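What follows are several structures.
The same chain A turns up in both complexes below, where it pairs with chain B and then with chain C.
Right after this comes the complex of A and B.
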């Protein structure tokens, strides 16, 4: 068993990763509540955004132009998808809506493999300027990117909670989560509210893509399927509460990273989100809390 | 037997005989191997088709089931001298029991959650497989020895050691699996599944044990996918965990939806899309990534406009095209007659 000293750096990386999972998870939950779509292409959109950012900076563009391109791309694709396929699938089962986003995932995945081919064995890296500076607490090195990861998670969660509670648009989104038809009858511009939800989710996908490309790897497959970790957090929160999503994401990030120094479990640490989410789903269904009015309809 | 059924049986028999006797003679060894994979993946697609098309359950973990079937078969083939069909049966039974045990609690989840839990479990499984690796003739429970210099190939049945012979073997096993599924669809379980797909509450009210029949479908799909895994082990001789990447389960769902989950032909179409098309493109020097993009667009198209898939849509579109052409041919004549 490794000593407490060995765990300390992994607590830092765990919190940072958990923060990014949290901001992705919050994006997924808000979109699901407003539109009924589980956006499985979240990771793929962020991945392609990060690859675009890499290309922009590699071509000599300043760093900020790459980050901007990443977020703009993610937001554009997400809103475009939402506007194109959202209305057509609005009345279908949540399962069909989620499956359709897998179509988008495949399109983006194929495009990434085609444009940023990995066959030559070349590896890419996207590093943010905040990687190289930081501070030490005790004996642990902490860089600013890790601070940004956790801070982004906290800030996004708090801002989203305030937004949903105190703004007109946020109230409309919560109303849509309860009943789309009645909300429309009350005169809420349903399409526009949905577009706003897609936009928010897309921007978060871009930010998450940038941060994860820096913290984990700039690799299409890895980033595309990291969405599953964020989704695990959202599922543990039953795709409802953003506070629970945040807490679950931090726990997943922490557990996943703190298994790394334990040699017998190190190889299995990436299973954490899957196992926790599967266990949570199975426990929740025992208590029969999975059936909300929305899913019954 | 009604004339339609008779004609259909005759067509299937002729096609099967052609595939068994003539096809391996006509194509190169490269395509014989490809067609063997088509046979294997037709079974996998059939399993997912039963779940999606018959019962309305979406599983994103079928490739993991295939990998487990292949693992079990490879382990048994190295460890024992059992005849190949017995190993296939054992691999199928293992995945059937495993699938049922996982399905028992998961079936209480509603559609979307069931799909997501299969995605989670498949993700967890692929990490386990990446760590344990596939058996390569080593000893111990896992049968993997990383420092082995000469890795022995996974054996094939004695009667089918060559590639064309193994292709025929695969086709026969696949045909048996299709018959097994057909027998289910034509009898009591098939009717129960149809009722469940229409409305679970109505099926329940009609006295159908919905949990039993959903579990039955899961067991059947897991069984045939496990058998397909056994066939896979012999077909490739050496298995690595990178042969089952994470995106494959998603691509499988895409081709099954495109092929058409409601008909048995859909499974064959799906397997051709999944295995033959990449092989053809590879031969022509076109990157297979175009296919991934195409499959993604296919999913979106199927879900928004053509829920029954290509196996249903193409014949209908062709019939429509035929009528259109006929109409065009007739029009000048009729237009002429109107003028008079």
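Right after this comes the complex of A and C.
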């Protein structure tokens, strides 16, 4: 068993990744609450945005133009999908809505494989300027990208919570989460509210894509399916609570990374999101059953 | 009622988890075919096109005369799936054959080359082998590069009398009588990388590779070398694609220690994320040297890593470094790539060099046949290839009738330098401390160095 000192650098990497998972998870929860859609293409949209950013900077463009292109692409594709397919699928079961986004995922995934091929052993990297500077705490070196990863998760969670609680648009989103029909009857412009939710989710997908491309890998497969960790966090929070999503994402990031130095468990660390999500759902069911049984007796 | 509603929600959530799982599988099983329309980096200027036209006339005995005889059918099976594609190797072999066909062919016969792609599906791979034999009537198999094809088809090829010229990955590509590879593959290439690290007097080695079937077979080579040198070695494996590169890099550096070496055996994208993570965390100088098996030998990697890794990372190279070599063979390789290699997306590099070399050996063998081109005559010619100077390998290449074939067992070491890979160590024999290498040398002896 590694010592506490051995675990310390893994805590830093876990917190940074957890922060980005949180940012993604919050985007997924907000969109789900406003539209009822679990956006499985979140990772693929961010991945393609990051690859576009790489192409822009690789062609000689300044770094900021690549980042902007990434966020604009992610926002554009997400809003486009939401406006095109959202109304048609509005009254369908959530599972149907989620599965429909798999179509977008597969289209983007195929496009990335076509445009950014790896058949010749090509390897790409997207580095942010914040990678090259940082500070040291004890023996552990921390770079500013890691700090940004965690900070982005915290800031987005807090801002989203404030937005949902204190703005008209946020209130409308919360109302739609409770009952879309009644909200529409009350005169809330449902389409506009949904468009705002899709836009916010798309922007977060772009930001997450950029950060994960830097912190993990600029690889279509990796980035596309990293959404699983964020989705697991959102599921643990039952796709409702932003605060719980944040906490769950941080726990997933921490556990996943802190298993790495334990030789016997290292190769199972990728199971963390699934195991925690399944465990949380089972505990929630058990608690609900026990509560109901007590009420009946 | 309340309880039912909630249970229903949970069921919905579990169903979503299942959908996500299916998405992962769908992603892994997709079969893109995307190599045909990407320009090669080598094909850039009119001047180079003109030079290419001159050089490619050396492909055959009748420059500029298109072969019109009965085609000689050859085939190859390559992996092409999301994240892993070896199509550049077969596409480069196809480019070589196209050049031969445009310059007289094989005694006037053009080569018709069938490429089958597979997605690591044993049933599919077995079916493709049968298709090549029974439908396409191929008389030889050249350019196979597949994660599991050697394991699936080796007994089939042996039964039918086919002797394969391939780029190996699975252990059977080197341990069976019917396969001779132009590359060394992950085990012997990892041997080379570890061997170089040992020459630098490191005190410990952390050897890390993908957590896929066959890791034990690969790890046995480096373990034998380290044990013989009395240097401790820590064997690590990582699930791919790597999703926590920072943690992986920290673990490797911790395992190797300050006077140790981290040796990687990954594809270029995975190796890149680990090395970049190490760089971001300031770990590159926390070990004495970093090593890597052949896949890291790409200029893409050297350029993406930047100067911090110059002469810090040492990569085993199974083929002659193309950037610094100006031999007739290398000129021909560049010329064929420029004129016929539009489908070779990676351009100059190990993959296209392997495809070139395999086709080159096959054409050399076919040229020796005087009678009809049958399965028997073609494969007898393949087996008869002996001490052939490919111009791409350290050693002369021999097929032979051995129970196993490791004809490429001498290699280079390269290192990044200003965005390119340059030679750090010339041709060096892989140590016979690896029992497989010892067994092969006992059968075939030590091949002479290429002139």
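To be clear about the criterion, the second predicted complex is superposed on the first by the 286 of 297 C-alpha atoms of A that agree within 3 Å, B and C clash if a C-alpha of one lies under 4 Å from a C-alpha of the other, contacts with A are read in each partner's own complex, and residues count from 1 in each chain.
Note that a residue touches a chain if its C-beta (ideal position, glycine included) is under 8 Å from a C-beta of that chain, and two chains touch if they have at least 3 such contacts.
Everything numeric in this text was worked out from a predicted model, so none of it was measured.
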{"item": "Clash or fit, chain B versus chain C on superposed chain A", "value": "clash"}
{"item": "Which superposed partner A:102 touches (first chain B, second chain C, both, neither)", "value": "both"}
{"item": "Touched partner set for A:215, first chain B, second chain C, both or neither", "value": "second"}
{"item": "Which superposed partner A:256 touches (first chain B, second chain C, both, neither)", "value": "second"}
{"item": "Touching partner for A:114 - first (chain B), second (chain C), both, neither", "value": "both"}
{"item": "Chain C versus chain B, contacts on chain A by residue", "value": "C"}
{"item": "Which of chain B and chain C A:275 touches, first, second, both or neither", "value": "first"}
{"item": "First (chain B), second (chain C), both or neither touched by A:129", "value": "neither"}
{"item": "Which superposed partner A:6 touches (first chain B, second chain C, both, neither)", "value": "second"}
{"item": "Partner chain in contact with A:225 - chain B first, chain C second, else both or neither", "value": "both"}
{"item": "Which superposed partner A:189 touches (first chain B, second chain C, both, neither)", "value": "neither"}
{"item": "Steric overlap of chain B with chain C in the superposed model, located at which of 242-250, 314-322 or 332-340", "value": "242-250"}
{"item": "Overlapping contact positions on chain A, where the chain C interface meets the chain B interface", "value": "38, 94-95, 98-99, 102, 105-106, 109-110, 113-114, 117, 221, 224-225, 228, 231, 235, 267, 270, 274, 277-278, 281, 285"}
{"item": "Residue numbers on chain A that touch chain B, as the complex places them", "value": "38, 85, 88-89, 92-96, 98-100, 102-111, 113-114, 117, 221, 224-225, 228, 231-232, 235, 267-268, 270-271, 273-275, 277-278, 281-282, 285-286, 290-291, 295"}
{"item": "In the complex with chain A, residue positions of chain B that touch it", "value": "58, 105-106, 108-113, 115-117, 119-121, 123-124, 127-128, 130-131, 245-247, 250-251, 253-254, 257, 287, 289-300, 303-304"}
{"item": "Chain C-facing residues of chain A, complex", "value": "6, 9-10, 13-14, 16-17, 38, 40, 94-95, 98-99, 102, 105-106, 109-110, 113-114, 117-125, 127, 131-132, 141, 143, 145-146, 215-217, 219-222, 224-226, 228-229, 231, 235, 238-239, 256-257, 260-261, 266-267, 269-270, 274, 277-278, 281, 284-285, 288-289, 292"}
{"item": "Interfacial residue positions of chain C with respect to chain A in the complex", "value": "2-3, 6-7, 9-10, 12-17, 19-20, 23-24, 26-28, 30, 32, 34-35, 38, 80, 82-88, 211, 236-239, 241-248, 250-251, 254, 267-273, 276, 279-282, 295, 298, 300-301, 304, 344-347, 349-352"}
